[in-house]
Structures are given as C-alpha cells and as structure tokens.
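As structure tokens, here come the structures.
There are two complexes below, and they share chain A, which is joined by chain B in the first and by chain C in the second.
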Partner chain A sequence: MSMHTLLRYEWGVMTPEFIIIGTALILSLVDLLMPDDKDRRPLAWIAFVGVAIAFVATIGLIPAETTSILHDTFRLDAFGKAFKLLLLAGGALSLLLAFDYRPKEGLKHRGEFSYLMLCALLGAMIVTSSGDLITLFVGLELLSISSYILVGLRKTSVQANEAALKYVINGGISTAMTLFGMSYIFGLTGTTNIKEIAVEAQKLTDGEYQYILALAFLLLFVGLAFKISTVPFHMWTPDVYQGAPTPVTAFLSVVSKTAGFAIVLRLLITIFAAAPARGKDTSSMLLSMQDYIAFLAGATMIVGNIVALKQRSMKRLLAYSSIAHAGYVLVGFAAMSWVMIDSIWFYLLAYLLMNFGAFAILQRMSDEADSDDISRFAGLYQRSPLLAVAMGVFLLSLAGIPGTAGFIAKWNIFLGALMTEPGHYVLAAVMIATTVISYVYYFGIFVQIFFRPAAETSSLRLPIGLTLIVVVCALGTLLFGVVPGLAYHFLGQFEHFGDFLQ
Partner chain B sequence: MMEMAWIVPLFPLFSFFLLLLAGKKMKEASAYVGMLATFVSFLVASAVLADRVGGSTYKAEQVWLAIGSAKLTVGFEVTALNAWMLVIVSLVSFLVHMYAKGYMQGDERFSVFYAYLGLFTFAMLGLVISPNLLQTYMFWELVGLGSFLLIGFYFYKEEAKAAAKKAFIMTRVGDVGFFIGMILLFLQVGSFEYSDIFKAVQDGTLSQPMVTLTAILIFVGAVGKSGQFPLHTWLPDAMEGPTPVSALIHAATMVAAGVYLVAALFPLYEASETALLTVAVVGGFTAIFAASIALVQTDIKRVLAYSTVSQLGYMMLALGSGSDVAAIFHLTTHAFFKALLFLAAGSVIHAVGTQDIEKMGGLWRKMPLTAALFLVGALAISGVPLLSGFFSKDEIFAAAWMHGHGVLFWIAVVASFFTAFYMFRLFFLVFGGEERHGAKDVHESPAVMTLPMLVLAVLSVAAGYIHTPWFGTFLGDWLTDGGYAHEKTPSWMMIVAAIVSLLGIFLAWLMYGKRSLARDWLSSRAPLTYNVLLNKYYIDEFYAWTVGYVANAISRLFYYVDRFVIEGIASLITATVNAAASLGSRMQNGQVQTYGAVTFIGLALLVAILAFTGGYL
Partner chain C sequence: MSGEYLAFLALALVAIIGGVLMLNLSKVVHMVIALVFTFISIAGLYVLLSAEFVAAVQVLIYSGAITIIMLFGIMLTRHREEDKEKTTTGGFWRKALTAISVFAFGAAVYLGVYQLDFGENAARLHEKNAEQIGTALYSHYIIPFEIISVILLVALVGAIILAKKDDGEAQKK
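After this line comes the complex of A and B, so read on.
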C-alpha cells in the first residue's frame, strides 16, 4: 500500500474513533505526569467530554453515505452509526457513574478507570464497524482485555480479584471458541473479509462443507454468547457483576452487551443469510439455524428469570435480569422478522436507559454501606420519595409495564415474533410466562422501597453525576414509553438498515 | 362538552401528583384536594352525559406509533356506555373520597391514601373512555396497580402484603389471556380500534373459530378482574385493604371492569354462541358458588366480598344471555347498593373495632342511622320489590329465561334466595339481638361518613326506576340508541323473584332474628304450651338438617374445592418455579470449572443435535 492510497481514504468516517483514541491517549499521559496526591476524579469529566464530542461527531456522520475504507476492513453503514450512538451514550453514562464511584476503601487507580473505559469503548465501536474478521477480532479483544482489568480495578478487594480471574478464564474459553469458528470459516472460504466470505459461502453446495459451516455457526454463536451472556455461556455473569465496581458492572451489562449483539447480528447475518443449507429448508443456512437460536433464547429467558427469584444481592439480581433481557433480545433475532434490527436497537436503547438508572441508584445505596443486599432499599420511599419514584420507574420498565420504554421494547420484539410466517408462538408464550415470573422479583424490590420501614432515617443526597444519570434515564424511560414514535422517527432515516448487506 | 371528555380523568391525576409531592405538608387538607378533584370530574362527566343524551357518539384520536402499515392510535370516545360509566365511577369515587375523610382520620399516611385513590380514579376513568383495546389494556393494568397499592396500604400487616401480592398476580393470570386475545385480534384485524374489530366481525374478516377464541381469551381477562370462578380467590383476600377502598375498587368500580370490557366488546361476543354460553355458564356458576360460600363466613367484609363475586356472576350471566343492557343496569344498581353496604360495614367496623360478626350484635340501638342505611342496602341487594336490585335482577332473570337458559335461570333464582338469606343473616347478627362486643363507647359515625351513605341509599332505591317494565326502559333505549325491545316476560317471573327474596329474608329472620324475638314472645306469654316450644325446636332442626345442612355441605364442598384444588394448582406452579430457582442457584456454585463445563456441554449438545437432525451425516 502506497502512501498515496493511504491518504486518499476517507478518514473522516473514523472521526468518532479518533476522538476516543485521542482522549484516551491524553488521559493516560496526564495520569502519568500528574503528582500522586492529586485527585484524579476530574479525569472522568475529561473523558466524558471526549465521549460527548464523539457522540456529536457520530450524529454529524449520519447523513454520510455508506463508506468502506482500508480495503473493506472498516465500514460505516447505518447499522454501525445506530449502534455506535448507543455505545457512546452508554460509555458516557458509565463515566458519570465512575466519577461518583466511592468505594469504602477508596480507589487508588482512578486514572486508569477513565482511559481503560475509553479503550473498551473504542473496541466496541470498532466491532460495530468492522468489515473483516481480523479487525473484528482485534476490536473484540480490545474490549475484552480492557474489561478484564476494569473488573479487577479494586485491587485490594478479594471479591474483585476473584471476579476478574473468572472473567479472564471464561473470556479465554469464549475467545478460543470464537476463533475456532472463524478458522473453519476461513478454511472454507479462503478469506477473512466478511463480504467476500458471504460470496464464497453461497457457493458451498456440498453437504460436508455445509456441515462444517453449520458447526462454525454454532461455535461462533456459543463463543459470542459470552459477550451477551446468554445460555450456555451465562454462568460467569452473576459472579463477575457482583465483584466488579458498580460502574464497570453497568458498563458490562449495557455497553459490552450491546457490542456483543452488534457482532452477533453483523457476523451471523452477513455470512450465513446467503449460504445455502441442506435439509428441508434449503433457502438459507441462517434460517435453518433459527430453531437453535430460538431454543437458546427460550432457555436464556427461563434460566435468567427463574434463578433471579432466589437472589438477595441486588447486583446478582440485576445480573440474572440482564441474562433474561438478553434472552428477550435474542427472541427478536430468532424471529428474523423484517423489523428485527429496529426492534433490537430500540430494546437496547430502552435497556440502556432503565439499567443505567437502576445501577446509578444501586451505586448510591450500596456504596454507603459496602453492601448490595436488597434490604438496602428498605424504606427508600420515606428517605427520598423522588429517588424512590425514579427507581420505581426503572423497575416498572424492566418488568415491562405499559407507559415505560421497557414495555414498548418488549412489545415490538413480541410482535416481531408473531409477525413472521409461521409465527413463533411457543417463543412468544415463553416470553410472556417468564415476564410474569420476573414481576415477582422486580416487585420484591418494589415492596422493599415502598412498603418496608427504613433501617436508617437519614435523608439521601445524590451527587451530581448520579443525579444527571437518574434524571436523564427516568425522563428517557418515560418519554420513549409514551411517545416511542420519537425513536422510531429517528430510526426511520436508516431505512430498516437496508445497506446492511450491500 | 363531549370533546372535553378527556379532561375528566385528569383532575384525579393532578390530585395524585399534587398529593404525592406535597401531601406530607398538607395533611388533612389532602382530603379536600381529592374530593374537589373527583367532584369536578363528576360535574364534567355529568355534563358530558347530558350532552351525549341528545347527541351521538363522539370520538377523537391521534396516531401514536406506526409500525409498518399498522397504526396504533390514542384518543377517547364518548359512547352511551362510556358516558354512563364516567358518571358512575366519578360519583362513587367522590362519595368514597368524602367518606374516607372520616374513616381514615388520624392515619399516619392519610395523604398517601388520597394520592393512591386519585391514581386509581384516574386509571378507572381513563379505562372507560378508551376507544381501543390497547389503551384499555394499559389503563386496565394501571387500575391493577392502584388496587395493588391500596390493598397493601396497611403494609405492616403480613396479610395485607400477601393479599396485595395475590391480587396483583391472580389478576395478571387473567390479563395474560386478555393480552393474547388482544394480540390475536390485532394480527387478524390489523387494528385495536373497537369499531374496526366490530366491522371485521360483521363482514366476516374474522373467521368464526377466531371470533370464539379471541372472545373467550379476552373473557379470561375479565374473569380475573371481575373475580369470576376460578380466579376469584384474590377478591375476598383483598378485603385487607381499608374499607373505603373495598367499597370503591372491590365492589363498585374496578371489579366491574371485566363486565364493562365484555359489554364494550359485545358485538364480538354476540357473533359467537359458544363464547356467550361460556360467559353465561361461568357467570351463573360463580353466582351460586360465591353466594353459597357467603352463607357461612363470619367476617363482615368477607360476606360482602363473596356477595360481590356472586353479583358480578349475575352480570356475566346477563351478558352471556345476550343482554348487555341488563348487565350494565345491574352494574349500576350494584355499584350503588354494594358501595353503600361496604361503607355501612366500614362505619360499623370503625365503631366496634372488629370485623367478626359473632362479636357484634345489638348495634341497631347504638347506630340507628347506619343500621337503617345498611337495611336499605340489604333490601336492595336481596331484590325486595320496588328497590333497585329488584328491577335489575329481574331483568337478568328475564334475559336468562328468554335466551333459553332454563337451568341457569333456576340457578340464578336459588342464588337470589341465598343472597337474601346471607344478607339478612348479616343484618340480624350485626344489628339485632344482644350486644356481644366489648367495645365501650360505640356511637354513630360522623356526618362526613353518613352523608355519602345517605346519598348512596337514595340511589339504591331510586336507581331502579331508570329501567323498569312499568315506567319505561330509559337506560335500555338509550344504551341501544332507541333500538331496545323489551321482551315480554312472563308475569310469574317477577312474582317468583319477589317470593324467593322474601323467603330468604324470612328464613334468616327465623334462624337469627327469631331466636331473640322468640324469647320476648315466650316471656310475655309464658303459659304457652310445651308443644309450641317443641315445634319451634323442630323447625330449627328442620332447617338445620335440610336447607342448612345442604347449603352448608355445598358451601363446604366449594370451599374445599377452592382451598385444595384451585389453590393447590396455584401452589404447585409456585413450588415448581421455586424448585427450579433453587436448582439454578445451586448450579451457580462459584466454580469456574462448572461454568466452563456448562458451556462445553451446551456446545456439545448443540453440535450433537446438529449432527443428528441437520441431515448432514
């Protein structure tokens, strides 16, 4: 590659990534040169501003045409733009959480907090835009490795160390599986470029090859199930969520998961939608694997919701709840209706709002006593009615009660599952049944907040960062619950992600 | 005025927000905020009703969300039924708001109570003006939330907490049916609008089996909300809530929402004989089932609760017999007399401090006004001629008879006999006889509590005259836009109904009233023969061994069915879920090896399934 071609690329489409990378570099230098005794909390604000600028830059890129640079390894299409917006919003909220994170024993490595989070965010963004298995894998690993360190950032906490170690080991297994699947694909098609793979895969009409391709599908799907924490790769979730610092937990449950869904959608749809399959349905490999996804989606919803019933720790409870929500999103994928990506995007948006809101309040409630037991919420209504109402909104939305974004999101997924021909009635029924089960644990928290006497009577003050999150998330949850048309109007300009396969 | 109907629910909503935020400082004044809000709602609702009487249906809506070609709309509609319901709900709500000022006096969370009442009233009013199923469903859930909060109002009592949970979850079970039915309708019709659904039913877009299926599924939702068998068990437990709540939510308004829903979707039901029959049978069965249980309860509110279940069964029977007019008529009269009975019961509980009727008695002298008002309610619900319950129940009997439900008709008649009996058993035990309570200064409730009861008592008497075969069927004509044809009913029917109710009262008097009367009678005429005394004893035994024993056996049987079969199934499901949860958390043992193993086993299973089923081997 000559210098000339290198300069001719439209680097402009990578502006958001450059901004994040720049901010991360500056922050690491500042952290290095800053005297040890200086407070590093303001660094989180700088990071926040960086992410905010990147967000604006991404919005500025929305009118840009679908562009592919660097030999088709990086592509900016509607899908990438839409998901990057979610990732950046999630990253910004995580940084706000980190700013107000005050563990009891103090936090020595606060500087790392900010720029590692930016690195993880960068990995996630690359993943949504990659057009090649290599860049995709590099982005994925950047996200993963940064997350491993973030989980273990509280170096003196035994729980955090345990969580980090478990995360690394499970992550290793996941990476191995994903790579194994990719190697099959490379072996069958002889290329790492996703679009070329799709072209080559169409020519695979031999049954033996198709079997290997189907194997690759399963390997990829199970490997990536780690990132979205769905069955059978969900077991690590509660342990890691519990041990990690709350801002990191929120980051993992929203940003990392959103990135995971972005890879699953981009990789599996592009490669397998066109590949032929044997058996009764010869039209497409993806459709022939539909039942597997549906089965795993059902299992995920059941496991997540049922085991959540037994949890006393709020973080573990939210971990199982996040498994359950991943299951609902998978229903959207399994149904493969024509509104699939729209409804998944909206779900992830609603999930971002309600989950960050809940985590912000949880962080405030658990930091003061270094305990995240559900009883910490007892009598919250007496201590701070406004905070209790906000938490109520998030819980109602997580439970999917009408009037909240969570309801609309679930509703869309549900309709999508019934809209296809033939409809996925069993899956829809499992979704409803498990949703009913989820009421039990969400309303358990409700009972604590509104109906239990408070253990302490001191009133609660919310620091500025958390206040911002709670206000934005609560308003967003209600706004998109009452006028979801706003989000759909916004999505309308992506025209159902029609450029996805071009 | 009709275009302003959307404003009716907003006053209570405003009251809710205001009291939630500033209630603590306002204290007693909260009651006035709530009363004012509901009173204004009532005035506007009345104006809307007056406007609708001369005019035609008004509907306004806007697109809320468009998914593909399907458009979801929000708006409101003023039909005859809606306008009528608006007035009833806002009126009863206002009266209960007023009553609660006396009843809840001194409660620490006085303002919270009024805030919740406001939320509920808003949801209920919103429910009745919804022009489409989706909007109805949303408010339907919201009234459920209001009910949950108010049942659990005394959250420091274990029973109240359990009851609130039970109510929420039991009604949700029904809601799942409603939800599925609604979605199926949407998928078939492409719209949630009532009018579109009716059009599809008429022109045959909706196939006959589909009509039946969706109608029955939606009816399942109504069964949950209206406490019909087998989803009724939450309603008696819901009596743990404060008594004004029982009157408003669990007697007059929310529990009638199921009846309202079926009535609002009536053209759908009319198109399917099977669906109608299901509604009729469930209603008829519930009517006698609950009435028989009410015969043996000793908690004043529980008797009234089972009575409510039974009366709702009547309304369902009317709907199932093809007469939505009779159902709405009974809904109206029931709202008045049952609210009255609950408020009177509340007044008694307030004074005596217990709900056990064995510990009451002789209150007639201490609380004459309450007693008299309770008597009016009891007479009305028993179907004594010239009171409202007589006319509305008569309409239901007629509907069942004319629709050819001979068996159901007789079941309804027997249930009516039970009704009269248990109501007067209650009356004689609470107000008649000697005092059995320990409370010292029992006195009449303050005017703020008796005044709403007085209004309801007047309505319990008068409300019957809006629809009678003698003076004119105003309600029926109006609800059906003049197309109401009152079928000529056999004249013996009215006589049978009157005799049955009087017989029930007479029997109650013999068993619970006469015992005290007889003593007076004996002491004044001591020289009466032994024979008479023996005879009297004989009658008592006779009743005990015939009517009493059979009724007792039936009610005991139903009670055990209720206790072991219905609740057994419910606990089986809970136990299964719990066991699965325990198993799941035990798998989560913290060992990374286990986690890895689960993943590998999962993958291996998937690969094995692929190999065997994919046709690749």
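After this line comes the complex of A and C, so read on.
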C-alpha cells in the first residue's frame, strides 16, 4: 500500500486517540529524563490536561459523519462518540484521584501510574470505535494488560499482590473464552469485519451452523462478562477492588466497565441481531438468547445486592454494589427495547458521576488511617458537614432515590423492561426487590455518617483535586436528577444510534 | 482413515497429554518440557492446515523464546524442592461440580463439531502464505498492528516496574 493510499483516509477522526497516545509517550519520556528525587505527582496533571484536550477534540468530532478507516478497523460513529465521551470523562477523573492519592506506605512509580492509565484509556477508546474483531480484541487486551499492572503497583502490599494475581488469572481465562467464541464466529463466516459477519451469519440456515453460532454467542458473552463483572465472572471484583489503589479501583469500576458494555453491545447486536436461530424467535439469535441474558442479569442483581449486605470494608461494599449496578444495566440490554442504548448510556453516565464522587470521599477517608472499614465514616457529619452532605447525595443516587441521576437512570431501564411486547415483568420485579435490599446497606453508611459519634474530632480538609471531583460529581448527580432532559437532548442528536449497523 | 487424519490424531493427543502432564508434574523443569511438547505439536497442527509460516513462528517464539525465558526464570529464582503432599482447595462437591461442568462443556462442543462440514477448503491459502500474511498485516490491519506496539510498551514497562527491586529493598540486601 503506497503512502498516497494511506494518506487518503481521514485520519483526523482519530484525533482523540492520537492525543492520548502522544501524551502517554511524552509522559514516559519526561519520567525517564526527570531526576530520580523529583516528585512525580505533577505528571498526573499533564496527563489530566491531555485527557481534557482529547475530550474537547471528541466533542468537536460530534458533527462529523460516520467515518470508516481501513475496512472498518477504525470507525467513528454515533455510538463510538457517545461512549468515548464517557470514557474520557472517567479517565480524567481517575487521573485527578491519582494526583491526590497518598497512601500510608507511599506510592512509588507515580510516573508510570499516569501513563499506564492513559494506555488503558486508549485501549478502552479503541474498543468503542471499531468494527473489526481483531481491533476490538487488541483494544480490549490493551485495556486489560494495563489494568493488571495498575492493580499490582503497590508492590509491598500483600492484598495488592493477591489482587493482581487473581486479576491476571481470571482475566486470562476470560480472554481465552472470548477468543474461543470469536474463532468460531470467524470459522463460520470467514471474515473479521463485523458487518460482513452479520451478512454471512444471516445465510446460516442450517441447524448445525446455528448450534455452533449459539455456542459462540454464549462463549463470547461469558468471556466479556468478566469486563463488566456480571455473574459467571464476578468473583474477582471484590478482591481486586479492595487490593488495588483507590484511583485504579474507580477506573476499573467505571471506565473498564463502560468499555465492557460498549463491546458487548456492539458485538452482540451487530453480529447476532439478524442471525437466524432455532429458539423462540427464528429470525434473530439475539432475541432467542434473551432469556439467558435475562437470567444472568437477575442472578447478578441478586448476588451483588445480597452479598453486599454483610460487608464491612467500604471498597468491598462498593465492589458488590458495582456488580449489582452491572446487573441493572444488563436488564436494559436483556429487555432489548428500542431505547436500549440510550438508557444504558444514561445509566453509565449517572454511575460515573456517583461512583467517582463516592470513591473520592472514600479515598480521603481511607488514606488517613490506611483502613477502609465502614466505621471510618462514623461522625463524618460533625467533622465536615459539606462532605457528609455530598456523600449523602452519592449514596442516595446509588440507591436510586428520586431527585438524583441514579433514580432517573434506573427508572428508564425499568420502563425499558416493561415497554417491550411482551414485557419483562419478572425481571422488573427482581430489579425492584433488589433495589429495596440495596437500601439496607446504603443506609447503613448513612447511619454511620450522620448519627454515630465521631472517633476523631479533627476537621477534614479535602485536597484540591478531590474537591474538584466531589463538586463536579455532586452537581452533575443533582443536575441530571432534576433535569435529565439535558442528557437526553444531547443524546437526541445521535438519533438512537441508527448508524450503528450501517 | 487418511494419513492426514492419523497425523492429526497423533499431534492432538501429544498436545493434550503435554497440557495434562504440565498440570500434574511436580518439578518445574519437567513442566516446561511437557509444555514444549504441547507447543511443538500445535506447530505440527499448523503445518497440517498448510500455515507453514505460523508453524515456524510457533516453533521460534513458543518452543524457542518462551521456553528459554521460563528456564532462565527457573534458574534465577530459588526453588526449594519440597515433597509436600499435594493440597488442593475445595471439597468433594466443588471438584465434582467443576468436573461435571468441564465435561458438559466438552460434550456440548463435541456435539456441535462432530458432524460439521464446512465444505471445500480454501484452495489458495498455502500459496506464498508468508507474503499473504505480510500484506494483510501491513495494509489492512495496520491499526491493530500499531496498537499491539502500545501493548508491548505497556508490557515492558509493567514487567520492569513489577520485577525491579526498589532502591530501599536493594540496599537492605
């Protein structure tokens, strides 16, 4: 291929990716040339600025038409733009968290911390905007491998070592399953381009081929369940979240999960939506598999919420709560209403805001004493009323109380489950029941914050980065809770992601 | 029963036995050798599929580079030869459940592929396959190729910072 052909493509649509990778490279060089005794915390600010510029560049790309580079190995469509905005916002917030991360034992390798996070973010962005199995898989691996290292960065901590090892082994198994599923899909269709796969899959009318395709569907879904930490692959979540440094935990629970949902939606909808099947709907394998997805969604909600009840460690509690939230989002997918992608996007936005807020405050409280026990929050209201109120807002949003973004998000998923024909009443009922269960542990934290006496009486000061996160997240949570129309107006310009399949 | 089928049976059997032995042997060097058997028989399977280039890469990278690195790793780290009794976690039911699910999965896949017929093999795969792979890699798949270089960078950085002794730790020794 000559230079001329190569330059013919519109590489401009990859600007956000180029900015991220450029920042990562600059940071690695700066880190290398800096004297050893210099403090490397400012590097996180450079990374933050890079991500912010990439965010602006992505917003600038919103009017751009659907563009495909090199046979869809990179494609920019409405779906990619919308999810990339979420990922970049999440990445920027994790870098702010990393800037103010001061664990008791200190953190070496702050430089690497920043640019590994940028590489992970790059992987996540690639996952949202590609139409080729190979690129999708490579992006997913970039995200995974960077996160394995980030989890293990606290080398002196036993918990972190255990977490990193568990994460690598579980991740390896899930990658193998995903790849096994992909290999069957490639074998049946003979191409890696997912649009061509969809065309080929429609021609598979023979029962034998459909059996293999269904097997591939299940393998793919179970393998990808690792990234979104839903039931068959959720066991790693609490240990890894507890052992990892808090900014990495926040990154995993929001950015990694958003990327996971992006790849699940794109692969499963594009490939299987029109593939014939033998199940209850002969025209669409995705619809025939609906019951399995619904079952996993239900199991995820139940397991996540029930086990969260007896957690004392805040990080483990938030880990189980994140499993439960993945279950709610999966309800949106299982229902397969026409507002599916919109409501999932809004849910992930609300989840990003409330989760980052909660993690910022948790980081401040646990760094202080090197413990993340729930009793650390006792008497927070007396020590710092504003912080207590902010934490209250995040908890209300996580629980899904009206007036917060979490409520609107849950409400939309709930309506989506009922608006289809026939409605998913059982799933909706399970969702309500588990939400009620979740009140118990969220309000347990409430009681600690507002009604228990404080162990220490010293007032709390929040560093600048954390203050920024808490303010932005609290305002966002309330804003989208009161005027959700803002986000839906923004989504309106994507027209329900119609260019997804074209 | 054609010669190709016999070769496939032999290679597949060696590959699986190598994998099982690798899990069951107790000495690390023996494990590595079991692994080499698996790698080489997989390379043989690639030759049967007329993917000679991939087979050569498999031998070079897996049986060559990776095995050597593993041996270096064994050489440079301490190994106490302990004849401890094998302890595994989990009770009888857990093991039984795992075994049942593994066999169920195997049976499900076997049922699917046993009678499967993909029709004619693609005829032109074996012609200049190194050139075909090269052309595809550096034109069609240039974007994933470049992302893989980022993965390599990440893996290198990660390997160094995770394995390097910290200054304080090194001075103590």
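Assume the second predicted complex is superposed on the first by the 500 of 502 C-alpha atoms of A that agree within 3 Å, B and C clash if a C-alpha of one lies under 4 Å from a C-alpha of the other, contacts with A are read in each partner's own complex, and residues count from 1 in each chain.
Following the convention adopted for this analysis, contacts are C-beta pairs under 8 Å (C-beta built on N, C-alpha and C of every residue); 3 or more make two chains touch, one makes a residue touch a chain.
This structure is a prediction, so every number in the text was calculated from the model and none was measured.
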Touched partner set for A:148, first chain B, second chain C, both or neither: second
Touching partner for A:169 - first (chain B), second (chain C), both, neither: first
Chain B versus chain C as contact partner of A:49, first or second or both or neither: neither
Which superposed partner A:119 touches (first chain B, second chain C, both, neither): second
Contacts of A:108 with chain B and chain C, given as first, second, both or neither: second
Chain B versus chain C as contact partner of A:215, first or second or both or neither: both
Which superposed partner A:464 touches (first chain B, second chain C, both, neither): neither
First, second, both or neither for A:69, with chain B first and chain C second: second
Which partner reaches more residues of chain A (counting touched residues only), chain B or chain C: B
Chain C-contacting residues of chain A that also contact chain B: 208, 211, 215
Chain C partner contacts - residues on chain A that touch it in the complex: 1, 6, 21, 24, 28, 69-71, 73-74, 108-109, 112, 115-116, 119, 122-123, 126, 130, 132, 134-135, 138-139, 141-142, 145-146, 148-149, 152-153, 155, 187, 208-209, 211-212, 215
Complex contacts: residues of chain C adjacent to chain A: 108-109, 111-113, 115-118, 138-144, 147-148, 150-151, 153-155, 157-158, 161-162, 166
Chain B residues within the chain A interface of the complex: 20-21, 63-68, 137-138, 141-142, 145, 149, 152, 155-156, 161, 165, 168-169, 172-173, 176, 179-180, 183, 187, 577-578, 580-582, 584-585, 587-588, 590, 592, 594-596, 598-599, 601-603, 606-607, 609-611, 614-617
Residues of chain A that touch chain B when the two form their complex: 165-166, 169-170, 173, 177, 207-208, 210-211, 214-215, 218-219, 222, 226, 231-233, 235-236, 238-239, 278-279, 288, 292, 303, 306-311, 339, 385, 389, 401-403, 408, 412, 414-415, 418-419, 423, 432, 436-437, 439-440, 443, 447, 450-453, 483-485, 488
